[in-house]
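We just call them A, B, C, D and E in the order they show up, numbering each chain from 1.
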Amino acid sequence: MPNKDVFEFKNVTKSFGHGKDVTVAVKNLDLAIKDQEIVTVVGGSACGKSVFGKLLLGLLKPTQGELLFRGEPIGDQIEHWQEVQMVFQDPFTCFNQFLPIRRQLEASFGVFKGKKPSAKEIKRRVDEGLMAVNMKPQEIEDKYPFELSGGQMQRMLLARIFALRPKVLVADEPTSMVDACVRAGILDYLLKLKDELDMTIVFITHDIGLAYYVSDRIFIMHDGEVVEAGDPDQVAFSPKNPHTIQLLEDIPEIHREWIQR
Amino acid sequence: MAVFEVKNLSLHYRTRFGKRIHAVQDVSFSMEEGEILGIAGESGCGKTTLVSGCMGLFIPPLYPTSGDVLVRGESLMGRSPDEVRENVLSKKVSMIPQGAFNALNPTRKIKDLAADLIMSHEKDTVSRKDLYPRIRERFSILGMDTDKVLNSFPIQLTAGEKQRSVIGISTLLNPGMVIADEPTSALDVSTQKKIIGMIFDLLDKKIFSTMMFITHELNLLRHVADRIAIMYAGQIVELGTTEQIVFDGRHPYTQALMGSIMSVDENEKDKKPESLEGAPPNLANPIEGCRFAPRCKVAREDCKHTEQVIRMVGDREVRCKYAE
Amino acid sequence: MKLFKNLLKEKTFVFGFFTFIIVILFAVIGRMFVDPVTYDNSVAGTYTPPSSLALLGTDHIGRSVLPMLIMGLGSSLYVGLLAGVIATFVGTLLGVYAGFIGGVLDDIINMVTNLFMVIPIFVVLLLISSAIEDGRSLTLVAVIIGLTAWTWTCRSVRAQVSSLRTGDHISLARLNGDSTFKILFVHVLPYLFSYIFMVFIIQLATGILMEASISMIGLGPVEGVSLGIILNEANANFALIDGAWWAFFPAAFLTTILVFALYTLNTSMEGVFNPRLRKE
Amino acid sequence: MLKHNPTLKYVINRILWYVLTFFVAITINFFLPRIGGSDPVTLTLNRMSSGMTPDRVRQMEEDLNVRYNLARLDEDGNAIRAKVGADGNFVRDAEGDLVPDEKGRVVRRSLFNQYLNYLGMTMRGDLGMSIQQDRPVAEIMRESIPWTLALQFPSIVIGWIVGNILGVLAAYKRGSFDKILFPASMLSTSIPFFVFGMVLVYVFAIQLNLFPAYGGYAWEYTPGLNMGFIMSAGYHFILPFLSICPVMAGGQAIGMRSMSIYELGTDYIKFSKTLGIREHRIIKYIFRNAMLPQLTGLAMMLGQMVGGALITELIFSYPGLGTALLDAVNQNDYFVIQGGALIVAIFLLIANFTVDILIGIFDPRVKAGRVEG
Amino acid sequence: TDDRSFGYPREETLYVGGLQWGSPTTFNPLAWWSAFPIMEGGNNTVTYEPLVLFNSFTSEMEPLLGTIYEESNEYISVIMNSAARWSDNRPLTAEDVKYTYELARDNSVLYSGVWEHLTDITIDTVNVDTLADIVLPDDHYGQHERITFHMEGAAQQNPLAVYGALQSVRILPKHFFAEKLEELDGDFEALRSLTLGDSPIISGPYQIHNYTNERIILKRRDDYWGNDALFAGEEPGPRYILHPILEGNSHFNLALQQGRIDVTSTYLPRVWTRRDMGVQTWYEEQPYYMAGSIPTLVLNTEHEELSSKYMRRAIASAINYEDVRDLAISGYSEDIQPGLILPFGNEKQYFSAEDAEKYGTSFDKEKARSYLEKAGYTSVWHDDGRLSHMENEDGEPVRSLRIMCPSGWTDWEAIVRIVVRDLRRAGIDAYQDFVDQGVYRESQPVGRFDMILFTPAPELSPTTPLSRLEGVMSSQFWAPIGDRMEENYGRYNNPESDTYNPAVDSLIKNIPLITNQDSLVDAYRKLNRIFMKDQPAIPLAYRPEQYYQFTEAVWENFPHADNPVGPQLVPTIGAARNVLWKLRSTEKGE
């Protein structure tokens, strides 16, 4: 049932602290994310992107307004996470350094609680996930997170997604920590995954090039507000909001004049 | 005579358990007056280490292995640290460090740090009275909110202000040559642009004229550098003019790097970014043959065994036997 | 294991470790040769110098110093160990709790910590000793030392945990459906482990020193013998004035070397666990 | 004003904290000795009751109860006595009131009433009467504290400064300086400082007879501003001072060394070096920044100085709070113990508070940001 | 010049030690705890003076403010010395004496106990010339005041106790105290709280001169009345007496051997090793000191296990007294004899070696075991020969007995350790219980202990040895465990039990009234026999009434066995004060 809304924000505000110390991280959001859509949230640092992502996961609760998931407020978190999963910003800190990576991948199925597949099934699905990110399962057998490179670890996070097969994926700067050379590969995996699972993907990034490359729709965030939303071409080539225009101008592009000398 | 010259420089870290990490291996280049040399490479390839070497700054566990660094013809190696400090640092060469967030002494006001710098170098010639007006003048030339910035502790400044203060301080003594180590990474794109603008401003004002600019963002280098050197696993794999490197890389790694750039450009809309498998070699282990060979798409059998040397391809330097 | 191998490459660690082991062995093996009931019987006159009868001489009431040392070392280690375990346990527990759960509880724990910081141990001992009818046992003294020494452990653990708390691997664990309890034990504690271990070593040393100090002012345990008690009795009975170095020096030496070994251990581990502390 | 002045807010926040802590400390201080049932009346009675008839002992008991503020008084200020039953408890009438009885037992104030009384007294600076010394505890404290401060404060502060300087230098200079200093410091902190004190006494006082082994000044002098006394006090000061200072310095040197090594690796030091800033200036940077966390250690040491004073003063028969407390312990004079404990708590609070504020002032990182320590 | 800020010349100063431990606070003789030289303990007599002095070496009462004239079981009368003067030059009269005693009758003071034995005090005047058997110094004959202490009808008629008071109660200036009390509206507590440290009105030869927390200094009074009246115009030797205040014995002893203190009353172990540093004691050889008291192990007879006299005797036979003497107290004791009477000195007359042989227990392991068996207990041993526990007749395990002793009293701790060792070897399950002094003191009167170290009547006085026996045997004021009992902490001879032996209390009550020497010896023997048979406490060793050691570097002529110019006491105490007039400076002081 494509094109039905997966997430719907109704005037959502999230703030931290109180009184004089209040920080409004996300302000009056009114938007919807459709099923099987790839949207990208782009913005400068501390503009509220990660908070936005965590709201989707239910890791943070809106201070004001309502956030609907498939038409209803997020109830039980565990159930929510059976459908919605996240790739975190920094792969180096994502895994417990004291457990073999494989065990951690398998532990991910804990989210299914009672409906957990059999141990054998879990093993199979993890193997599958690993294969999908081009890692041979035996390569990481008994390996600990610190024995892997950043790129490999980022792929482990994605393998986890492949194994869990969530309906919705929130990817917070999924390539921030890897080298340019590896980045394209990772994106390819993700898009492959989306096709395979009919996923909805929310990318969070500050790299407009990446947003342009992968998304169906782009949200430009500034100071907790979405200042512009639209399809990539429209946002990239005919931006309307001054903040968007400024942002695009400030990004050094190989093919565009950037600064006067 | 070259303003700055690095000759076959190799540097290593010594780990706690006696291992050596050869973070910089056989690097050579030279820079002429007024030139901006960009150095690019992925994280961990030895850029910052190279900068330390260029500054003659050997804080354990970093040690020089071999090679030399010449500033206006004078060698840095083998000179007493004190003499280098006295004659070269801040006067002939300055550095803008990576991560300016932490580069300022958190318990010292900006103006005091600036004063310390001047006093360290011109103790005998400068009078205390002139100190602060001079600092204020320089900072106001650079278009900063002088009073606020100078009288603040670093924590009271925004990231951009901090980075500008760092630049202001390191160029205070008109060094002529500046080595900038990722001066803008971790900054907002808008702030980044302002900082680059400021650097150009300094160049225009002739406060310094020659610059080594280090970054992992090729997009940025394209707009800043005259020449670019690409580093991989501690070595320079290709060095040429900006145009050559960005649009016409010859080394397979340069090509991969450029191919991976995603850009917002109508002409490139359908271009699919390339990716590379694998990761750079672990520098702690001895490496046989070409360091890039394991990831190289065009590597041949002998690449895995024979070390590659820099050679000229046209007017550029490439560290690949088979590059055309 | 790998960590241990790394540690063994560290000269100071090896020194500290083996010194500590030797001291422990001295206590353990020595104990096999000491009769726990008659060890403090008088075997000769007052302050007789080392001889075949009493290898390390005798003390002011003619007890052989060597078995006293062995038993005293045992008691001191026991006090240090118990106090260390208590201090580390309480400190870690409260620190982890405060750092991880946060909120009002954090504030309360913080206050209790502050409070305990301003209640010096000997005051507690002073005040409590009048409350204890049966006199202070070794265990009681250890418990009191432990219960007054946990504060800084709590503080630093709390700081570490609250920085860990926001780490992505915790969020990921939650996404995996792990319970808070499991998160604490599987995803937080292991990160603190090396730190806690180091803290424990320091607490152990502190416990031993503390026992010696409070025994010195006569507030130590009133049963058995400990290194502190040996020192106290030697001091009170003119061992120094009488030149009976054997009644005093071995206990002083053991205390010092034990603490020295523990400190060395701690510092060398700090060097390995915290790579910023470079080695020449 | 509060809103706009983070420093003031910080200070007020801290003050509130400390007031609260102080209050709880007083409370603990009051209740701890009382749970044990240690009783000043019994204690005093024991001393003089031998050979007296029970009647006279009862009269003394009453006097002492009044004296120690424990008895419930009638309008005339006499202790109330009530009837005691066969079970040893007070007899109560139908209304639950006590039955007055000339021959009965002295009725004491309730614990809570005593507590309120104690609070009130403490607030007025009245720490009660010493059981054994027949004079106000506050006076005992007033007499002894200067000695403790005069010995401990310089020893600790100088030890701290010397230790920190050595620590920075060891971190900065490395090489043989570090190789000698580091194990030496390690050893010096490992030596229990009373052991060190005893060795000093043994070598310099008993064997060499160079310094006095006991006392704060020669007995022939009277404290005051006279040369004889001052010289004598200075002479007696040396050994105790030496017994504290190196141990303090050693511990500090180690802490400072590792803090400094940490600082040495920081970006700002590297940057300062590349700027070519002079060495001594850089050492100053390191010293100052590494020192700030060490300040907390100083606070702790200053706070614990009375604890340390107990032993030092015992070993050297040195006058001061420690000696006063030890005497009190030996004689179970718990009003003095209590008073001393309170003073110690106040010390600790003041030390911590001062350091909190100092750090707030010296460390802009704290001033600008954190409110909670 | 004000000599307070200058040094006190060494050769003119007598340094004494061991009498004052904490800071000096009050010099008020009415206070509960006053400082040297006022303090009750040790009975200092150089500042305020008692009517008479008791010489514990000769066991004689020496005249001071008065001379004992008539003594009987009904009254004791004292002729006042008309030369006695207060320091403000007013005469010291019988009125002062009466006032001093009556103050104690009307208020609680340290010596109030004397009124248990007194009914009245009267004053009259007599002509000494007409009194045949009184010898007064020189020209003091003629009309004299006489003060009579009446005992007839007192609940406890006890002339010995009154003698005790005469030599220990120091007379206060009525004109000062009565006036002060009036000023204070009769508030005795307020009077008691005065410090009185600044040149108080005294009668003795040394005035409080200057004091700090570190020392107390007394200065010789050149106008002391007794110089002429008692010492033929001589002055005491030392111009100053300085008592330093130090933490712990060791510092006093160090100071002694370094020649910085002349005489101390501290316990100094292994004194022979300090001989070559000039430290001397009463005897040159073991036991070094003249014994005056007997530390005992008091057994709580109300406790089931210790209620059997066989058990108590088992314990007494198990202890190796030689070890106790040699290891714990440096051998400072003669061989201990059974019973509570010293087998030498003045008490020797009451001691019977025959009784001791017949009824006493001595160290004998075999006997200990057989007594234990008689008491109905069996020892259970581990395989390796260590004691496990005891069982009673029903085969039930019995708890360990605890020996209470204040922690930090090192010589006592050592005694207890040896006793524990010996008891366990003999199969008696006991352990040491080192507690804080406070706990120790509080446990004593209420009987909360199994066994406890205790020295009854530690000082020699006219009441010893009776007070010693009374201290562990009298059940006159019997109180159950939990209530205060001021003597007999072991609750021996419970008057409510069927085993009550009324002879004990009646002997204790009668001995003071016996005037016939033979009957007296007989009565003491009887009492001591009961003690030996019932063993309510176990004497462990002999101890001097005060340790006493001196060096003659600065002052010569201290009393010792070969030069018994006074009792074995620091010369500010009791009759030892007279030694002050005999001390001669060696002129060797710096």
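Keep this in mind: a residue touches a chain if its C-beta (ideal position, glycine included) is under 8 Å from a C-beta of that chain, and two chains touch if they have at least 3 such contacts.
The structure displayed is predicted, hence computed values, not measured ones.
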| item | value |
| --- | --- |
| Least step count from subunit A to subunit C, where 1 means the two chains touch | 1 |
| A-B or D-E, whichever has more C-beta pairs in contact | D-E |
| For subunit D paired with subunit E, centre-to-centre distance based on mean C-alpha positions, whole Å | 37 |
| Centre-to-centre distance between subunit E and subunit A (centres being mean Cα positions), rounded to whole Å | 90 |
| For subunit B paired with subunit D, centre-to-centre distance based on mean C-alpha positions, whole Å | 56 |
| Centroid spacing, where centroids are CA-atom means, of subunit C and subunit E in whole angstrom | 46 |
| Interface hub residues of subunit D, defined as touching at least two other chains | 38, 174, 206, 265, 314, 326, 329-330, 332, 334 |
| Multi-partner residues of subunit E (at least 2 other chains) | 248, 254, 408, 436, 438-439 |
| Shared-contact residues (touching 2 or more other chains) in subunit B | 60 |
| Touching residues on subunit C, where the partner in the complex is subunit D | 110-111, 114-115, 117-124, 126-132, 205, 209, 212-213, 216-219, 231, 235, 240-241, 248, 252, 255-257, 259-260, 263-264, 267, 270, 276-278, 280 |
| Contacting residues of subunit E [partner subunit C, same complex] | 248-250, 253-254, 257, 269-270, 273, 323, 326-328, 330, 384, 386-387, 407-408, 410, 414, 417-418, 421, 424, 432-436, 438-439 |
| For the subunit B and subunit A complex, residues of the former touching the latter | 42-43, 188-190, 192-193, 196-197, 200, 216-220, 222-223, 246, 256-257, 260-268, 272-277, 279 |
| Contact set on subunit B toward subunit D in their complex | 52, 55, 57, 59-60, 82, 84-86, 88-91, 94-95, 97-99, 101-108, 113, 116-117, 119-121, 153-156, 166, 169-170 |
| Complex contact set, residues of subunit D against subunit B | 174, 264-268, 270-279, 281, 285, 288-289, 292, 362-365, 368-369 |
